[in-house]
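Multiple structures are listed underneath, in structure tokens.
In the two assemblies presented below, subunit A is common to both, partnered first by subunit B and then by subunit C.
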Partner chain A sequence: MPFYKKRFDELGLKPAHVKSVEDLKNLPFTTKQDLRDHYPFGLFTTPMDQVVRIHSSSGTTGKPTVVGYTAHDMGVWKEVMARTMSMMNVGPGDVVHNAYGYGLFTGGLGFHYGAEEVGAAVVPSSGGFTKRQLLLMKDFGATVLCSTPSFALHLAEVAKDEGYDLKKDFKIRAGFFGAEPASEGLRNALRDAWGLVYIEAYGLSEIIGPGVASGCPYGNLHVFEDHFIPEVIDTETGEVLPDGQEGELVFTTVTKQALPIIRYRTKDITVLHREPCKCGRTITIMESVKGRADDMLIVNGVNVFPSQVEHVLTKLEGITPNYVIVLDKKGVLDKLEVWVEVDDRTFADGIGALETLKTKLQQEMLNELYINVRVKLVEPKTLERSMGKAKRIIDKREAEGLKS
Partner chain B sequence: MIKKYGIKQLSIFLENRKGRLLEVTEALRDASINIRALALAESAEFGILRLVVNNPEKARSVLSSSGFTLKEQDVFAVEVADEPGGFYNVVRILTENDINVDYTYAFVGDSKRAVLIFKVPSDMLDKALETLVQGGITLVEPMFFYD
Partner chain C sequence: MWNPIESAPREELEQLQAKRLRDTVERVYHLVLTWCRFTRKGLMSLG
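Coming up: the complex of A and B.
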């Protein structure tokens, strides 16, 4: 593996220096930038004829982040997802309604394979089409819901509006919720609305996808550390922090073949605990992610970097107009707006020309970010005027401000 | 032809926001600029204010320094009889010559004559002026609007 060999050689590290897990702290980190720099398959360690699955997420600027799996890796993934499902004894007789997006994202297929592995019936509904989803959930007798927490609340609200009685008409007993942070208020709202047990799912495609850690019915997130070794480090110095201290979560994969990764910096801020849980598990517990060590935004479960927005603007017009990213809630779902200043360089005299510019920007954003973005054309200086100071990102979402 | 009949029009980009139109007109008043003709086009989120003023140079610099996004373009004006068919005659000649009208608006004249302002694609402007003159339409010179 030329990438790691070069890194290790530079530091004078030899295989003999790594004798136990303790020695992990001496190894260099791997970052998202490393994955980008070796796009698409440069960090794969197996020949491509052994790779059976490729997933990808949007990258920070232009190039996506690519991950690969051998048949063995798929087995690992199924296993950790089966463990996740087992947190609620999901198995034969259960109907798992999977509303995570299917496709390049690892969310949809990760839960799909996990549910199949434990013998449940999977309904691969993917995202969108809320009313149809509710119909299927009711008529198919879904017992388990997998989705982002905000989409689960959206489903509940639409169900109420449509006249369903959530507890009578639906049989959802467990929900596996992840891909975005969820406040305690949101969790309680989901428990109350559906009468379900809330299971938190944690993962990232660079490590495997969902299934890196799973919540138990007692609400603790258990890291599957036989496959993924967790560390928490000081974001500035890179020093490993003791248990109980807040820092950046780092993972090293133990069993993966196609894309093994050493000390991957997740940029997720959390705390690790190593003490037995009431559920009986003794593996490491991580707290729910408290924030990010970078400027990544999570919009309806999709990761978005502000640099991607800038990339689209620059690509399209050859100039970088002044812009602001505005995040807000529309009902319970996130809504992302990009306010773009129309200056003398971009102003074409004609409503049609401006509407075309707006539509084109929206399409390009969808291509680049994989989510719907609403572009709003504004006058110069508007942004400073309405936001006070020159800020690029305005996050108006209130995690607690949810009607239950 | 463009030199003789081209009229400088200012297009100003406006957000649909309370008080914005007031600010434009206020800036023009403060600079003693007289609006001779105007049209406002709007979409759900923004609008474009198009103005022909008595002093385009000054208006441009005043609005620009006030932070407005604007564009200066050549339009032309015709004078027609204020009676049925006046507008039709102009549009007919342009259409017969395959000249597309981007937009048009009226200048309020006296009770007998009407003045209409036309914007056509800039590469069509010369042709439009020539065909209208040949068709016997009276073009209005910029001096009519300017000081």
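Coming up: the complex of A and C.
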């Protein structure tokens, strides 16, 4: 029996019971596990001869999740990506340097279609080859950069090392950044380095890919809710929470054909607001994702999101936003260590300045996280750089089967 | 603005959402059965 028919019947629901958006709360949830259980095409609602595109997750944490698009769905995707691009009036005359990965990951192709749809010229550079990317950005006169925030920061660092003057040699006026959380400090570092307007891009392949929500020039993240209806729920009870209250984000797609999804639990933690924005939009605003329920670390019984660590790091002078969180066990207790790169100037200041900075950071961590954190300051440019999504956490407890 | 719905009154947006939601629910509940019953591919994909 088809998946949703079975779920609806179990709850005694018929389509006629759904009259308004208010009724959404009575419908069953869909989870990533449901997609995995029906691998590869079990949740598709069109015959395969109508499917024109298939994307898939890497499957590193389980069976891959597979998503499909009809020609109509591709039209929806292009539209929402064009709407993302239009947040900064990207159009003819713009050169969009797209450093998101192309391939099964939806990031690269999503931004590609959006930029083409608004009439801009796209440079499909994908990830890696940093020095060549900088050369192309300069020589082609890129005006828009699309990438993960961590890769954009890496590009800026390498550009400085290569002797470029970022503000004179490049014309980047807008950056569309997503696929990983970024603290306000990291955003400011990118604004300062490139002199760009930071636009946050939010999406997930299960819903459509990038283009589920987009930042506006006023910094608010707007959900394209004429296609994807958002709700925030209590992670434990599944109850819908009122606007302004933090919980797990859930989406229902209402225009997709190949893979419509009812109440998909994203595991992303956020807050919704429905007040009009200064940009003129009345569509729902979602706060930047605080973290994924999956990414939340439990350290000696305290919940810690990597974004909280990043928030502290980017508040202080003398350090860079490059860091790694290392979790280990000391006896029965968890031990949280943060390795962070100092900048060149602080490193040259000597041991005394480094010790003062370390003490200050540890105190700030305690104030923010309510747990003791050991900070290890490392030399500039010694931590591994990301060409895509940044890997920020090393959990040695997992290897020992000791994760809390 | 690429699509005027982004700045439309909430009532207008919610009416559109409601219609689209009803269509989607019909789709996942009924249309699946229709194509499964009448297409060999559909039956095969359901095992």
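Basically, the second predicted complex is superposed on the first by the 289 of 404 C-alpha atoms of A that agree within 3 Å, B and C clash if a C-alpha of one lies under 4 Å from a C-alpha of the other, contacts with A are read in each partner's own complex, and residues count from 1 in each chain.
The rule is short, and it goes like this: contacts are C-beta pairs under 8 Å (C-beta built on N, C-alpha and C of every residue); 3 or more make two chains touch, one makes a residue touch a chain.
Model, not experiment: these values are computed from the prediction.
A.B. asks: A:Ser86 contacts which: subunit B (first), subunit C (second), both, neither?
C.D. replies: second
A.B. asks: Mind working out whether A:Lys171 is in touch with subunit B, subunit C, both or neither, as first, second, both or neither?
C.D. replies: Once the two structures are laid over each other on A, A:Lys171 reaches no partner at all.
A.B. asks: Answer with first, second, both or neither: which of subunit B and subunit C does A:Lys78 touch in the superposed model?
C.D. replies: Neither partner.
A.B. asks: Thinking of the overlay built on chain A, is A:Thr253 touched by subunit B (first), by subunit C (second), by both, or by neither?
C.D. replies: Touch status of A:Thr253: second partner only.
A.B. asks: Which chain, subunit B or subunit C, ends up touching more residues of subunit A in the combined arrangement?
C.D. replies: C
A.B. asks: For A:Leu354 in the superposed arrangement: first (subunit B), second (subunit C), both or neither?
C.D. replies: first
A.B. asks: Considering each complex separately, which residues of subunit A are in contact with subunit B in the first and with subunit C in the second?
C.D. replies: none
A.B. asks: Using the touch rule from the top, collect the residues of subunit A that touch subunit C in their complex.
C.D. replies: Within the complex, subunit A touches subunit C at residues 2-5, 8, 14-15, 18-21, 23-24, 27, 41-42, 44-49, 79, 82-83, 86, 118, 222, 224-226, 229, 252-257, 260, 262, 274, 280-283.
A.B. asks: Would you tell me which residues of subunit C are touching subunit A in their complex?
C.D. replies: Spelled out, the residues of subunit C in touch with subunit A are 1-3, 5-10, 13-14, 16-18, 20-33, 35-36, 39, 41-42, 45-46.
A.B. asks: Considering the complex alone, what residue numbers of subunit B touch subunit A?
C.D. replies: Within the complex, subunit B contacts subunit A at residues 11, 13-15, 20, 41-43, 45-46, 48, 50, 67-71, 73, 102-103, 119.
A.B. asks: Tell me, which parts of subunit A touch subunit B in their complex?
C.D. replies: Interface residues on the subunit A side: 342-344, 347-351, 354-355, 376-382.
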